[in-house]
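Across the two complexes that follow, chain A remains constant while its partner is chain B and subsequently chain C.
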Partner chain A sequence: MPIELYRIDDRLVHGQVVVGWGQPLNITFVVLVDDIIATSDWEQELYRMGAPPEMTVTFETVESATAKLAEYQSRAAHGILLAGDIDTMRRLVERSGTINHVNIGGIHHRAGRTARLRYVFLTPEEEVSLREMGAGGVTITAQDVPATTPVPLDEVLAGTGE
Partner chain B sequence: MTSSAGGVAVERRAIVAGHGDFAQGVVSAVQAITGKGDAFRAISNCDLGAAALEELIRATVDANAVRVIFTDLPAGSCTIAARRVAREVPWLTVVSGANLSVLLAWAMGTDDSAAGVERAVERGRSAMTVLPGPKETLPVEGGGAH
Partner chain C sequence: MTAPRLPVRTRAAMFLRLLAVQGAWNYETLMGNGIAFAVEPALRLLPGGRGGDRYRAAIARQNGYFNANPYLAGLAVGALANAELSGDPTDRIERFHTACCGPLGSVGDRLVWAGWLPACSLLALMAFGLGMRPAGVVLLFLGTYNIGTMALRYWGLHAGYREGLRVASALGAPLLRQGPAQVARASALLAGIAIPLAVRGVIGPAHEALEIVFAAAAVGAVILARFNGRVEGWRLAVVALALFILISVVR
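Right, the complex of A and B next:
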């Protein structure tokens, strides 16, 4: 079974991922891709500690994730791959060439970002990056939890934060 | 709400942080039961990114001399943010999986040490129990009970 969800979420491992998606998808492993966290034992312990015992969390840089992605995708177990920002996911998408669908799970407010959905705020540069990723053949939708309807990228970018 | 530290009365403050309206709801329950809801500052992670949530918790700790942070889910963003703040504030204790009973026990106590918090946590743990239902008290069919 391939990785079930390729998710951009600035909260990384948290309730929506572990419980909201994790339980219905029977997720047993999480691949957290972040160049900084992958080099910090303290950060890794922080995220491992939050995961339930039946769920492993593995930390990768973009480079190491690219190298190991085929192995993760070929596992029998179900997994989620997490990136905390668009740039990280985009680099992984471009290097791997095997990611066809990206989920925007949460990109929250900060200076310079405009509200697009309740849980999606984007800078103009981030919007361009998402459009380019989409133009490259990746289906991008926003969906915070499984019970909600996926929002296509065009609708996300036309949104006003409602 | 005050306690005595070295003979000086100090306000005891804790944060309750969680998903949705968890914190506001459980603090309102503490207030209804004990009148000590003011001991808690309720924080919701709703619509907050990781950095903003961490900053809100840090500011609340600083502004209220908080010594304990109660969170709902061990895997939740509130717990992650609280642990990040606690890394910089040595006297902070973070308790995840909080329920009403642990908050009541903490609110009614006076001990902010790690041992005092642990005692409150034990009250919260012991409150979680499966109570026998009606089926277990009904006589077995044909068992002769009248």
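Right, the complex of A and C next:
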């Protein structure tokens, strides 16, 4: 399996990804897709330090990730693709046409967002975007760590944060 | 502009407040309030002092969503205090505030939750196997665990303030890069010593319970293999430690 997980998580490279998912899935590379971080050296250095020495972190824009996705998917090593927001993942899904399952790992509170799960807060626009992605044939579930049960998109959107 | 040297009182206040960094934890800002609380003593040194415009703006910035390993949060607190006192650009501080969450969580989780905590649990288990009384085992565990995490907090605050927004170099320190692997090796060694000793401690001089202990160990091994990666190691270590203490008390 090439890329094991396509994850939306505003914390990007962090413990749940590196330890929680990284160890059971035997992850050796992370593709971090973010148009701003892909051009920011100091942020890249910071995120690289978050990964263990044996795990490589590659930074891509949506455009460059789309171009290289087939190569990442054909690797023998196991990897995770991370996006920090729904819009980034949606653009990647639409352009690539090869992503069938998206994991919501953490979208946290900010003004205008409503709590849906304890680790998922969404604006009305983000909810529409997720629904449209789901209607396009992508299976979307929320699951912060492997030890928890995946929550289907319908249940996420009906949630109240409890 | 470089950040001023922090008075000892201010450093001490920041360090003590780091102990309560999760005190106002909530699902909206996670430990954001705690970060602002810990940075606050340094912000009093801003022009205008406590309650001034820069102070209020900085408090508002630091109070937003923040999530990291609590034992490494000092690195962020020190770096953010340096950035605010140095007059770094606001947008850079805000991006750093967001960007450092993940790496500090990742490094801290590997070092503490997946490394130090199991290692300390195994050390306590070994002490139990060597005949230490239950209260001593608990004290040994709490003592070693907290010495390590207090030292990590102190180092984080110091290194964070020294490096400011260039704190990625501190995250590259050998302790943090190689530490988790070294602690894991030490844990493996401790496990090899502690488990047979603990089993002997549970069985005691009479070997009537030998079959039960080995059956329990076999069941445990099957469960571990079955749930590999889906259960957290620190939880298992704490449960195992609690079980051994319970058994020793009941006996």
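By our rule, the second predicted complex is superposed on the first by the 162 of 162 C-alpha atoms of A that agree within 3 Å, B and C clash if a C-alpha of one lies under 4 Å from a C-alpha of the other, contacts with A are read in each partner's own complex, and residues count from 1 in each chain.
Here, contacts are C-beta pairs under 8 Å (C-beta built on N, C-alpha and C of every residue); 3 or more make two chains touch, one makes a residue touch a chain.
Since this is a predicted model, take the numbers as computed values, not measurements.
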Notebook entry, point to check: Clash or fit: what happens to chain B and chain C when chain A is overlaid?
Noted result: clash
Notebook entry, point to check: After lining up the shared chain so the two structures overlap, which partner does A:V138 touch, if you call chain B first and chain C second: first, second, both or neither?
Noted result: neither
Notebook entry, point to check: Should A:P146 be classified as contacting the first partner (chain B), the second (chain C), both, or neither?
Noted result: second
Margin query: Under the stated touch criterion, which partner chain does A:L122 make contact with: chain B (first), chain C (second), both, or neither?
Written below: neither
Item checked: chain B versus chain C as contact partner of A:I107, first or second or both or neither -> first
Notebook entry, point to check: After lining up the shared chain so the two structures overlap, which partner does A:Y47 touch, if you call chain B first and chain C second: first, second, both or neither?
Noted result: both
Margin query: Contacts for A:Q23 in the overlay, against chain B (first) and chain C (second): which applies, first, second, both or neither?
Written below: second
Check: Should A:H14 be classified as contacting the first partner (chain B), the second (chain C), both, or neither?
Finding: both
Item checked: Superposed model, chain A: greater residue contact from chain B or chain C -> C
Notebook entry, point to check: When you line up both complexes on chain A, which piece of chain C, out of 132-140, 150-158 or 240-248, runs into chain B?
Noted result: 150-158
Notebook entry, point to check: Intersection of chain A residues contacting chain B with those contacting chain C?
Noted result: 10-15, 17-19, 42, 46-47, 49-52, 108-110, 118-119
Next item on the list: Over in the complex, which chain A residues touch chain B? Could you list them?
Entry: 10-15, 17-19, 42, 46-47, 49-52, 84, 106-110, 118-119
Next item on the list: Enumerate the contact residues on chain A facing chain C in the complex.
Entry: 10-19, 23-25, 37, 40, 42-43, 45-53, 108-110, 115, 118-119, 121, 146-147, 161
Note to self: List the residues on chain B that touch chain A in their complex, please.
What the structure shows: 19, 47-52, 73-77, 79-80, 83-84, 87
Checklist line | Complex interface listing, chain C residues touching chain A | finding: 27-30, 64-65, 67-69, 95-96, 98-110, 113-114, 165-168, 171-172, 176-178, 180-181, 228-232
